[in-house]
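Naming follows writing order (A, B, C and D), and every chain is counted from residue 1.
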Amino acid sequence: MIVVMSQGATKAQINDVEKKLVQLGFKTHAIYGQVKTVIGAIGDKRLLNTESITSMPGVERIVPIMKPYKLVGRELKPTPTVVDVGGVKIGGPELAVIAGPCAVESEEALMETAVKVKESGARILRGGAFKPRTSPYSFQGLQKDGLEILASVREATGLKIVSEVLDTRDVETVDRYVDMFQIGARNMQNYRLLQEVGMTNKPVLLKRGLAATIEEWLMAAEYIAATGNSQIVLCERGIRTYETATRNTIDISAIAVIKELSHLPIVVDPSHAAGNWKYVGAIAKGAVAAGADGLIVEVHLDPPSALSDGPQSLRPEKFHQLMKEVGLVAQAVGRSL
Amino acid sequence: MIVVMSQGATKAQINDVEKKLVQLGFKTHAIYGQVKTVIGAIGDKRLLNTESITSMPGVERIVPIMKPYKLVGRELKPTPTVVDVGGVKIGGPELAVIAGPCAVESEEALMETAVKVKESGARILRGGAFKPRTSPYSFQGLQKDGLEILASVREATGLKIVSEVLDTRDVETVDRYVDMFQIGARNMQNYRLLQEVGMTNKPVLLKRGLAATIEEWLMAAEYIAATGNSQIVLCERGIRTYETATRNTIDISAIAVIKELSHLPIVVDPSHAAGNWKYVGAIAKGAVAAGADGLIVEVHLDPPSALSDGPQSLRPEKFHQLMKEVGLVAQAVGRSL
Amino acid sequence: MIVVMSQGATKAQINDVEKKLVQLGFKTHAIYGQVKTVIGAIGDKRLLNTESITSMPGVERIVPIMKPYKLVGRELKPTPTVVDVGGVKIGGPELAVIAGPCAVESEEALMETAVKVKESGARILRGGAFKPRTSPYSFQGLQKDGLEILASVREATGLKIVSEVLDTRDVETVDRYVDMFQIGARNMQNYRLLQEVGMTNKPVLLKRGLAATIEEWLMAAEYIAATGNSQIVLCERGIRTYETATRNTIDISAIAVIKELSHLPIVVDPSHAAGNWKYVGAIAKGAVAAGADGLIVEVHLDPPSALSDGPQSLRPEKFHQLMKEVGLVAQAVGRSL
Amino acid sequence: MIVVMSQGATKAQINDVEKKLVQLGFKTHAIYGQVKTVIGAIGDKRLLNTESITSMPGVERIVPIMKPYKLVGRELKPTPTVVDVGGVKIGGPELAVIAGPCAVESEEALMETAVKVKESGARILRGGAFKPRTSPYSFQGLQKDGLEILASVREATGLKIVSEVLDTRDVETVDRYVDMFQIGARNMQNYRLLQEVGMTNKPVLLKRGLAATIEEWLMAAEYIAATGNSQIVLCERGIRTYETATRNTIDISAIAVIKELSHLPIVVDPSHAAGNWKYVGAIAKGAVAAGADGLIVEVHLDPPSALSDGPQSLRPEKFHQLMKEVGLVAQAVGRSL
């Protein structure tokens, strides 16, 4: 950590900061510039509260040298993590494709969708039972019935299932049904929920918050890891920007950044990023070429009748075609589907 | 609602959309332009899922005419709501000032802070017992002990108290202690939590999410209102932008926009917006001049020793001075402190 | 165009708006909803000033139905434009790769770089002679000497050249040297400059402004086209967001959106988007897989000694390797390099 | 400057960086942490290109300690600058109010507007002769005729005038008419234009770019100052964010930040920030309470007939009322109107 003292900081202020740093267990090392003084503080104290230093008189700012996350960072674990979702690997040479409707609507529809996406190459089925909707008047999901349907479709098809959990009180129930928890973008900083899924031993698909920095996202993953569960898959799903032509702006370079900073696998959700099925294919192929470990794609038998996210859902035929195209791109970058 | 058909939409597609709209209970009215057709759909169906229309073949987009919120909007209730927090009014001619430390740290410190902020003009005491922290290694709050301390300080000082609730499982407990719930920015779209506080009869201070649009914020308020609790105070606390000179960018014009769209009162949190105590005064005065109904300000006896948010906390003397300045600005815009 | 009247608009206000619309040459068509009235205005008057309507009493807002651009849009010209840069086609089945240093520094260095990037597959050489630098104290380019060097390297290598023009007064000079003008991100809305290059018959590489919407970008292209030059290549180079891990956030979905809205070709600049050579490869491959018509990549013989943009420049060997990888991705999506 | 070496940087790489820094004239000082090494580089070399260091092998990043601007910063000139616009002071105890139409439309209209805004307290008249419009089909201004009109209205009313210059070729002409140049938001990084107005001895109103950081804005001012003209007034006019309820988001805290970092005066443009006359008053009062040195407000006799920016223009009566309210707020913060 480097402490930058402000112009005009007094010798006494500099001494006080050094003294405080020593109390906190750092070795200090001051560099006196022509105009400003900076103090190097040696010691990996990333778990300490450094705000106390920032608030001291004469301090301009703190420059952290170490990343604030430990367990999910590459600094201490350089080899990539491969997450195992009931036998399906995420983070290995083979891409993991997760597909299915936004929300579970009925057993018949989910079964038909599941069979089709499996034929096209998906290995994990998505489907929301608990839905976080912007409007209280929108369909909120089939809840426990939805989980039952998911489980019976898994039984029939062999697909693994992932479904979102919204409330700490539901973690135990959802845990009985799914192969992987999903933490949605809106809940990325719902820390109690992160801790609760961290106490299970199920893999967690952690979506990036709508306006979360990559560092905040990794800190959210750190919450899960710190509670004991390191089976985490990051999911880039677009961030909020000023551009309105797409629902969100997919941050494709986040893939390369995550690969550099973390050992966790990362998948991309082109459907929520685009908000429009017409752009899903381009984003999906771009993501795979850029190094994503997998995709999560919304597929619906009849988008106009979907109870949620119809406009961004692909029909099974379009998904099938997309998987063929994605397979070619995967090969071009040395992966398989 | 207006449905804009895409260029090249066929007559059959236009008919299908009209038919669907009629099924949903709308009266329709098509306008045939030179290049595109638009269909007006008459009927206040804001509670319907209109995504189904967007997904129909030939549809370019939907233009809603009515606001998606009902209970919190001005369209149906033009008179301003005044929220009553144990006798302290928010939304009336008198400004409501909420002040106190970010986190409750000890009874002695909170008591001293409370006495001082009360002398300076605050009517409600803030203090976090459950803290949402970006890092799992940071202080997470005194939890139930913090609530006990808040209650005993209320007893001694007569200040009303507001404290954040993070988890649906804690709502009942927190309800026993506080005069107003706080829903933090990270939980603005934690819909189960919104519903849970919506089922109490306590006022709710609803902070704007870090990247929430004003419409999404009002929809979050609508969740609380739809569950039965209309005692909601909105709190603007800065939004995430590309600018890094301040922690967030305070959206001061949101005050005027909210006053136009909603009947709910709005207060401003200059401390979280700025992230730096030096800018708190300018923002606080700007907010009051722009029409805010109150302020929520972080005050700490000794910011460098604060366990949370020290850099943006004012010392009691600075807060006292600020209150004097704010009082003058309040008078200039016809309010009192 | 749809005019949405505000709740409570009077009959007289509605009449006035209709009268005004008729004066402007529209046919009108009012739809009276339960709460609000909307007026459809038929006629393609996209060249008219519609702000005058927005300012009329009782008007809530205007909803345009037609796109505000004509010449660069797909509505009137559905077939893709292929731009010819001295024989190199941009927008056809073959990808166009533009490479070279940020700034022209010396003839020797540019010659060596040019030879190498040509061997790796680049067809057009980039190199700034006039540099827009954030600091007035940074290297501002070799100016006319830089253009001379570019021309002599073209002579020797057969590569076509593109270089940025910053000032209307330089357009004539730059025109004598380059095969394609570059309009930089900072000048995307420098309308006089757009008009000046619009009056030449040289192709123009139009970079997206740092915070430009896709619509504003197309309107900037419309300025060039409206002045008489339709040889325009759009260049996505990352937009400004809150994320600081990369210099900008590449908007990969803009490729698909542009392909839908416009007939112009689009290339991607992964170097400026990333601001860090380590991420250039991932973005370049992602862009090609997502449908970009080409790439513009910064290559420098010795990045640490570069006078500008060293951190994001690739060494020729790394560029060579990247071109091989990009070639495979291009093939996977049915393009060639 | 601090150079942070990456984890795993070799001793040789550290030595190379130190050697390079010494060559550039710095004294160096390495601090060897447990995991990473940082090198302090002493010497105020803010005018040097430090990118060359960033590109060296083993370097993770550079942390600048000094601000990149000198002339416009407070570090070297702590006392506030008061700019003199033909006798009207900006930056002193009295607020400077600039008002007038977006564009000059006719002499009669401008004269009437000028007389009215003067009566209400404005001291400087605004009015665009050269207009930067998003669409090439919109009104582009009366150009030189507009300047003539401005000059004759100045003659008649005694108001000083400010008008925008868009093109380096027009600087000389505009200089003959105006009392202050305006550099618009779109041209904030049009460096040749900044240099051209920097070579005159007229004050310059420098608007913040739509997505410019405060640091980039000050660097743009530095361009003007470095060319010889230090009569610069900064103008905050809203930044681009994801929020669409207002045209831009006014960054009110920028006032306090600028006051800390720079000695230049700052005024606020509530009209462009809001994009809607209804919000202009709240922003104007908020800005003054937050410490702005003045306002620039769009006023039009009949907004619906305005050729530009009608929706955000105030009628003279509304402007008159606003000035009274602003005067009270000014007094409350120790300023006068």
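Throughout what follows, a contact is a pair of C-beta atoms (placed from the backbone, for glycine too) under 8 Å apart; a residue touches a chain by one contact, two chains touch by 3 or more.
Treat the numbers as computed from the prediction; the structure is a model and nothing was measured.
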- [ ] Spell out the chains that contact subunit B while also contacting subunit C.
- [x] A, D
Open item on the list: Quick check for the class: compute each chain's Cα centroid; which one is farthest from the centroid of subunit D?
Closed with: A
Task: Averaged-CA centre spacing for the pair subunit B and subunit A, given as whole angstrom - done: 26
Task: Cα-centroid distance, subunit A relative to subunit C, in whole angstrom - done: 31
Open item on the list: Need the CA-centroid distance for the pair subunit A / subunit D, whole Å please.
Closed with: 39
Open item on the list: Going by the contact rule already set, what residues in subunit B reach two or more other chains?
Closed with: 211, 240-242, 244
Open item on the list: Taking the touch rule as given, give the residues of subunit C at its contact with subunit A in the complex, in rising order.
Closed with: 211, 213-215, 239, 241-246, 249-257, 260, 273-274, 278-279, 281-283, 285-291, 325, 328-329, 331-333
- [ ] Give every residue of subunit C touching subunit B within the complex, in rising order.
- [x] 2, 4, 7, 29, 31-36, 38, 40, 42-44, 63, 65-66, 75, 240-242, 244
Open item on the list: For a test of understanding, state which residues of subunit D touch subunit C in their complex under the given definition.
Closed with: 20, 46-47, 49, 51-56, 68, 132-139, 166-169, 186-187, 189-193, 195, 210-211, 216, 219, 222-223, 226-227, 240, 303-311, 313
